[in-house]
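In the two complexes below, chain A is the common chain; its partner is chain B in one and chain C in the other.
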Partner chain A sequence: MWSRKVKVNSYFWCLFLSVGFSTVAVNYVFEPTTKKKQVSHHLVLRSGTAVLSRVGRSRPIRVLNRLTIVMSDSSHYRPTAAEYRRFDLLAVYPTTEKLFHAACMTYDVDIICISVTEKLPFFFKRAPVNGAIERGVAFEVSYSAAIRDATMRRYTIANAIALVDTCKGKNVIVSSAAEKRLELRGPHDAANLSLLFGLSDADAKEAVSSTCRSVVLHAERRKSAGGIIHTTKTSPEETPPTPDDRTSTANHKHPVWNKTDMIGP
Partner chain B sequence: MRRDADKEEAAVYQRVVRKNGAPYHYLKTHLVLEDESVRLSAVELKLFIISGLKNLYGEVGAALTFDLLKYNEDTLSALLRVHSRGLVKLWSSLTLLGSFQGQACCLQGPAGVSVPAGAVRKQS
Partner chain C sequence: MVRIKSRHLLCEINVTDRNCLLLLDDRAVLAAVKDTVLRMHGDYGAAPLCFLCVFLVKYLNAHTGIVFLRFPKNCYKLLWSALPFITSIESRGHKISCFFNCLHVGGTIRTCQKFLIRYNTQQLHRMLPKCKNEEEKQEIRQAILNCSLLRGKKEAFEEASESEEDEEE
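Presenting the complex of A and B:
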């Protein structure tokens, strides 16, 4: 059973049933400006599972909420912002090389979006890309721009090929940024399209199924670890004193679980 | 007795895996348009697909031979046949076909999945 992800800004749920997706992420793109620095609290987010069920399947479609932050400055991404918690998936769209490097190595996000509507403003370097792959962050290529316009098609394919060359086909997800019903393509079509981007057959299939699923799991892990600070200390009276124990409890420090510990490579 | 049976099994069981062994691949698609009352003839649809191939792959792509085996004008559904080496090109150009005469369109398979409907090897 494939678990696929589709990024969409529309509300036609029944379409996903017919096309063949089991998990859908609704994307909200946020572009911080000088006036608008916080994600609006009034955004109506989709519920966890759509009630619709697919013919021949026992599970209804799972709906996730995703936030994409368009970054042109390092202050646009605020790791401690509370509004990020409302979203299941977190993506960034870096526009400069410095931000791309920072997003790959340090930012606590699930997806890094690759520009498909313009010529790449920077080249991909192996070091940050490999760092991102080790951390479990995925790179996203969206294909609906290629459907809309011929020039965008060239940019999409060129940028995707550059990415796949650098990352060797690992941790790539292909999604539609469909704004209309007719811009959506099925998972098999998207997998075939990713062959054009230079992915191998196996990587192409993974790009629409297992890598997407691993991104969703990465997001769950990121969300759950965000709030855990667990400190325990055993007092010496509770433990039965033995010669070995006394020395061990005196020196023993219980692990303090904080966010950086949970999110290791 | 068991040994004989195993031997027989070993002799009979043979797994043959052919990768892309068939000469032709089939694609079942249907055209979904914004304006659902528009109808195309078979020739118009073929021309439309060739234009999609040309947009994506140029003259070399447009020269790719494919056949429109079956076409239903009412439901706009078609069965295409293409040589196996041309499958990726044809399929990707069908996926990226976005507009027909100014209106948005989509080439979808039955139940929305354009999967090659099987490979048939001609028995000589």
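Presenting the complex of A and C:
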């Protein structure tokens, strides 16, 4: 079975179970203003709050915390801020072309959100989009605005088609930014809906399953090592483990990152 | 042999208030789907729905909210892509807020039926830990054992779904 992901702003766990998701990310949208500069502390969910198991699966549903930063200025994103560490996933929502370029090429984030409620303020260019794809950053299109209102539907579809044209269907994730229980859709339906966004059948299926999973792994890597780990073999007995092989780190006397080259951001 | 092929979509209608499910009937669901496809895809999307023999609601269970929709095979994806945009169904004067969750796509009703029986069995398993007394547990266990595909009739999962509906309350 696929590992799927949905982002919501409210907590309806049983619904996710019945609809068929195995991993859920709860999103907090943070818009920095002159007054609010810090993300408040009590928004992060503890992992033990909902121990729910899905029928037919041995693992309980996994709940992740996600932060979305609405950026209208480059000072809004502070990579060294401590509060970012408490969230599992980090996303940015750039509102200008320069910020989009910066987010794709340099910022250490997992997801870049595409605006779906208004006309695109800038065009997508191949260079930053390809740069983001190489780094493993995903582009997110959310569909609940399309479900709510007809005008939003046009903007969503138009913006999503523009994105898919530029990125050729790679590294796109589809999520619901659901605020109510009735705005959630199941994974099959979300995949089918993304056919309207110009994705092919295979890309649509990936957009709700494997790309989401790769984003989660990218986030784990980002949290643990601060960048892309490039391992080199020093000598037979001192061979450092690859990033995927986490179990063996416990056997080493020294931490892994002393022996590897770090290609940080 | 030339045969008209179709796709059967097994959907579950999720509502916030389970009592509203009982108000559903197949004409209301049909009207809701037609209306949404017309809104989303215009005349091009609504045209295949004029095939009265192929676009039908084949089965509707008001207790659990399961519905079988039949679409023509050549354009079912287009019509399916309009289903997530259904936000409410108008039935007998009431407007029921709901959303469609597609569980399975099959070529024949029989495959959908088999899937539904497996799905209902899983739902019953899920309800077993939530039982309050031994009597309910026995009922559910009996229902799970009775889940099987009987020839020609869909008794098995109707029975299971009724006991499920009792448990939900």
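Criterion: the second predicted complex is superposed on the first by the 222 of 265 C-alpha atoms of A that agree within 3 Å, B and C clash if a C-alpha of one lies under 4 Å from a C-alpha of the other, contacts with A are read in each partner's own complex, and residues count from 1 in each chain.
Convention: a residue touches a chain if its C-beta (ideal position, glycine included) is under 8 Å from a C-beta of that chain, and two chains touch if they have at least 3 such contacts.
Just so it is clear, the model here is predicted, and its values are computed rather than measured.
Judged by the touch definition given at the top, the superposed model places A:Lys205 against neither chain B nor chain C. By the touch criterion defined above, A:Leu195 reaches both chain B and chain C. After overlaying the two complexes on the shared chain, residue contacts for A:Leu184 are found with chain B and with chain C alike. Judged by the touch definition given at the top, the superposed model places A:His76 against neither chain B nor chain C.
In the superposition on chain A, contact of A:Ala146 is made with both chain B and chain C. Applying the stated contact rule after C-alpha superposition, one finds that A:Arg213 touches neither chain B nor chain C. Once the two complexes are overlaid on the shared chain, A:His101 sits clear of chain B and of chain C alike. Across the two superposed structures, the residue set of chain A contacted by chain B and also by chain C is 15, 18-20, 143, 146-147, 150, 153, 182-186, 188-190, 192-193, 195-196.
Residue ranges on chain A touching chain C, taken from their complex, read 15, 18-20, 55-56, 143, 146-147, 150, 153, 181-186, 188-190, 192-193, 195-196. Against chain B, in their complex, chain A makes its touches with residues 15, 18-20, 143, 146-148, 150, 153, 180, 182-190, 192-193, 195-196.
Against chain A, the residues of chain C that register as touching in their complex are 14, 16, 39, 77, 80-81, 83-85, 87, 97-103, 105, 122-123, 125-126.
Residues of chain B that touch chain A in their complex: 32, 34, 55-56, 88, 91-92, 94-98, 104-106, 108-109, 111-115.
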